[in-house]
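The following blocks contain the structures, represented as structure tokens.
Heads up, the next two complexes both have chain A, just with different partners, chain B and then chain C.
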Partner chain A sequence: MLYRCIQAENRKLHASPIWIMFFLLPVISAGYGTFNYLQNLELLTKSWYSLWTQHTLFYSLFFFPAMVAIYAAYLWRLEHLGHNWNLIMASPVRPLALFFAKFVVVIKLVLLTQLFIFFLYFLCGKVFASLPGWPPPETFFYLLRGMLGGLSVVALQLILSMIIRSFAVPIFIGLFGGIVGMLAASRSRGLYWPYALMQYGMNSNKSEDLLAGSYLPFVVSCFLWLVAFFLLAQLLLTHRDVKS
Partner chain B sequence: MLRSLRAELQKAKRRHDLLACLLIPTATLVWAGYAAPDSTENLDDAFHALFYALPMMNTVLMPVGMAMLASRLWDVEIKGNFPKLLYTLQSRRSLFTAKALLGIGEVILITILELAGALGLGSWYGYQDFPPVEQILYYFLCTCTVSLMLFFSEMLLTILLANPLPALCVGITGALVGLFSGFMPPIVGYFVPWGYYIPLNSYILASWDPDTRIVVYGIRSFNYPLLIWCAALAIFFFSFTWRAIRQKEV
Partner chain C sequence: MQTVIETNALCKAYGKHLAVDHIQLHVPEGCVYGFIGPNGAGKSTTMKMLLGLIHPSAGQVFLLGQELTAKNRLPLLRQTGSLIESPSGYLHLSAQENLQIVADLKGIPHKDIARVLEIVHLTGDRNRKVGQYSLGMKQRLGIAMALMGDPKLLILDEPTNGLDPAGIQEMRSLLADMPETTGATVLVSSHLLGEMEQLVTQVGIINQGKMLFEGSLRELQRHSRGSLTLRVLHPQKALPVLRNNGISAQLKEDLLTLPPLRDELVAGLVQTLADSGAGIVELTRHTKSLEEIFLSLTDAKGVS
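So, the complex of A and B:
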């Protein structure tokens, strides 16, 4: 049944305007990152690492949470229309399966976005910045870490879009969450705020590894936030009456 | 017309629009409160630093915030499939006027709250350089004009496409492009309407020494040509939104 739910969620993405943003945001971020890198070569001396920070800084600080929020809000939008809540809650599917199916589909989108960002990073590094060799394996690892940190953001945004019937409000909350995450991370309190985890993972604002020697707290924090959000989703879906 | 406005206000109350309006200045002030110089730093030009940073924050937050407000105003009709009903039961002029007035009121409220919050924040920290009245008025006028221009452009998209998604996507992309334009040569900023908060700002970074990290702020003359251009864009989007509602098929 879960597989059928995932298939249903996937169908919502066919010919969706979301794909325009999926391509546009990373391209703009990469374009600006490369431009800025080429303009500041005397300051940015760590070749591939410096290009990485320029490519992913604003993306991971502000726009990743907003983008995830759009993905999540889009998948819940149909449920908020008409009497669809009654329909899906009366269908022979466990409520958490509905949530999990959306989670899987947003994760798929986020994974594709991350891979696209890495592809653009590699392309710009080679073609425009003429950097030698291959990107360091650490940057690909940062990408996967960012993905891990982003899981709790995905779950939280899905919850927000589930309980807030407005399409737009959860998106602004996502952007706000990213800003608070930036402030929390700058005070070394990022592990206590889900939106900061992705920023930690991506290592976007420093050439040194932000998580060097502290992987365990990071992984534990990602896991705990994720479990907490899934429990909350389960609670909301099973104990709260729908408003349609 | 008054009945339409009253109906819009009732819808706004049920949608908790006031909370949505409060969310935007709250986000700006949380950020500004963190970035603003505190009592341990030099407070002689701290208001300069604050008003230099605020337009950058607005560039990130307002395009998405305005898309949120605009899409909420029209999305409530789309969800209930109400445009057909409204177009036949009331004049389109009164429908548009009520929505436009509510939107303008929300934008003005957000700007006032943000400005009052920033001035309150500076006074709380004991900043020495309270801005002159003309600077405050100019800041208010610029923020309102750019926000209204963004609001009507997002509203136009929401009405034309009958879906809030494109407006939000444009808002986020615009915020990203606007933010980048702030770090590019100044001429670039003139071609990016989402980032007009930055070239319109009269507080500037006069010099920055990377070795001593000493920053000197300054004030430049008001950028009236850009402000007029921005107001013209806002009127253009306002007219096209009205045209879109007028010509919409039932």
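So, the complex of A and C:
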């Protein structure tokens, strides 16, 4: 049942305007990061690591939450428009399977975006910053870790866009969440705020590994937030009336 | 005959307001059932409760002989096709792709797509984006989506909404044949009685959340009998005949307006008028509007 739902969800992305977003946001983010790096060469002396911090600082803070929020809002907008919500909720599938399918599709998009981000990081490092050799392998690992941290944000944004019919409001909440996440992380309270987990994982704006030696709390926090949001989604999907 | 849809004291409250007030619905197998009421009467809310999209405040829903519960909702939905608050569909996709999504969700083979496209006459336009479709085409696509997987039960909310007369006619013939061609029972809602008269065999009339009438169309038509307009060559000859029969007629120009009368009375009257030499040219019976029928139904209830 889940596979069928994911398949249906994937079909909706065909010829969809979301792909413009997919290319645009990472390019803006990478441009911004590279520019910042090149302007502050005297401060940023750790070549690939420094470039990484500049690339991911803005990405983790603004672009990632905004992007996840837009992906989630877009997938729900398809259902809010034209009463498609009725159509899919009246299909013989469990409502949580529909939610999970959207989750998988957003993860897929985000994963592709993360890879694209890494590609742009590499490209900018070589072409604009003329850095020697290859990017350190840790950076690629940070990327996957960031993804793990981002899972609960994806689930939360999907819930927000499911219950808020507006396209923009959940995106603003996402942006706000990212900024609060930065504040939470700077006071070492990041594990209690889902938006900060992604920033932890990405190791943005820090040259030393933020999570060195403390993986367990991070992973546990990611897991607990995710489970909590899925339980909330199940509750909302089965107890609320479909409004479309 | 088995009832395919049955509700028992179905209620939906929004705050203190009862949007659906103890509705008892009985839809017999193999019929086209017209669920008729003005906008905001509670039709959509009721239909959404039949599909489990809205949770009833009280009462039960029985589909295909089983009570609709959280547990057996999915197997029951598998045998149901629906179109609620049309038109639906993903506008950036083609009809073919939209139906593929429905096929995926319903878990039915994709070869059924060609069949339903044929039924709603969209085969030629199946690869066009739905965003470019006219409203009528979107409505037909909505019907096609509901027909996917050959459901035993079709629940269609205002499928003729927004269609032009030709589209309404087409939709009507499509739906009227449905029990015969697919064996499905059809529940279709509308706010226009006239639109439904040539389509349905059973009707339920709902107003302000309450069921005012449920029964066969013929039974309803007895309630919907309106006044008669009579045109005769010699009104002066006709008037005394009418007066003698105890009928108060009004003469305006050369048209006589008679109050609603039973069929037998009308037949007898025509005979007498013809014999009197009034020269009957035209006799028209007016059907009451839905609003007038509501009034007569509520009045009848108030009296009895």
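Everything that follows uses one rule, which is that the second predicted complex is superposed on the first by the 242 of 244 C-alpha atoms of A that agree within 3 Å, B and C clash if a C-alpha of one lies under 4 Å from a C-alpha of the other, contacts with A are read in each partner's own complex, and residues count from 1 in each chain.
What we mean here is this: a residue touches a chain if its C-beta (ideal position, glycine included) is under 8 Å from a C-beta of that chain, and two chains touch if they have at least 3 such contacts.
No experiment lies behind these values; they were computed from the predicted model shown.
Annotation: superposed three-chain arrangement on chain A; chain B versus chain C shows no clash, the two fitting side by side.
Vertex at the C-alpha centre of chain A, arms toward the centres of chain B and chain C: the angle is 80 degrees, rounded to a multiple of 10.
In the superposition on chain A, contact of A:Phe167 is made with chain B only, not with chain C.
Legend: residue contacts after superposition of the two complexes on their common chain; A:Val93 is shown touching chain C, with no touch to chain B. In the superposed pair of complexes, A:Met1 makes contact with chain C only, with no contact to chain B. When the two complexes are overlaid on their common chain A, residue A:His14 makes contact with chain C while staying clear of chain B. In the superposition on chain A, A:Val227 makes contact with neither chain B nor chain C. Applying the stated contact rule after C-alpha superposition, one finds that A:Leu123 touches neither chain B nor chain C. Looking at the shared chain after the overlay, A:Asn84 reaches chain C, while chain B stays out of its contact range. In the superposed model, A:Leu41 makes contact with neither chain B nor chain C.
In this overlay, which is a superposition and not a single complex, chain B and chain C have their closest Cα atoms 10 Å apart.
Under the contact criterion defined above, the residues of chain A that touch both chain B in one complex and chain C in the other are 17, 81. Chain C contributes residues 48, 51-55, 70, 74-75, 77-78, 80, 82, 84-93, 97, 100-102, 104-107, 145 to its touches with chain A in the complex. Against chain A, in their complex, chain B makes its touches with residues 15, 20, 23-24, 26-27, 30-31, 34, 60-61, 64-65, 67-69, 71-72, 75, 79, 163-166, 168-169, 172-173, 175-177, 179-180, 183-184.
Within the complex, the chain A residues that touch chain B are 17-18, 20-21, 24-25, 28-29, 32, 35-36, 58, 62-63, 66-67, 70, 73-74, 77, 80-81, 166-169, 171-173, 175-176, 179-180, 183. Residues 1, 4-5, 7-8, 11-12, 14-17, 78, 81-84, 86-94, 238-239, 241-242, 244 of chain A touch chain C in their complex.
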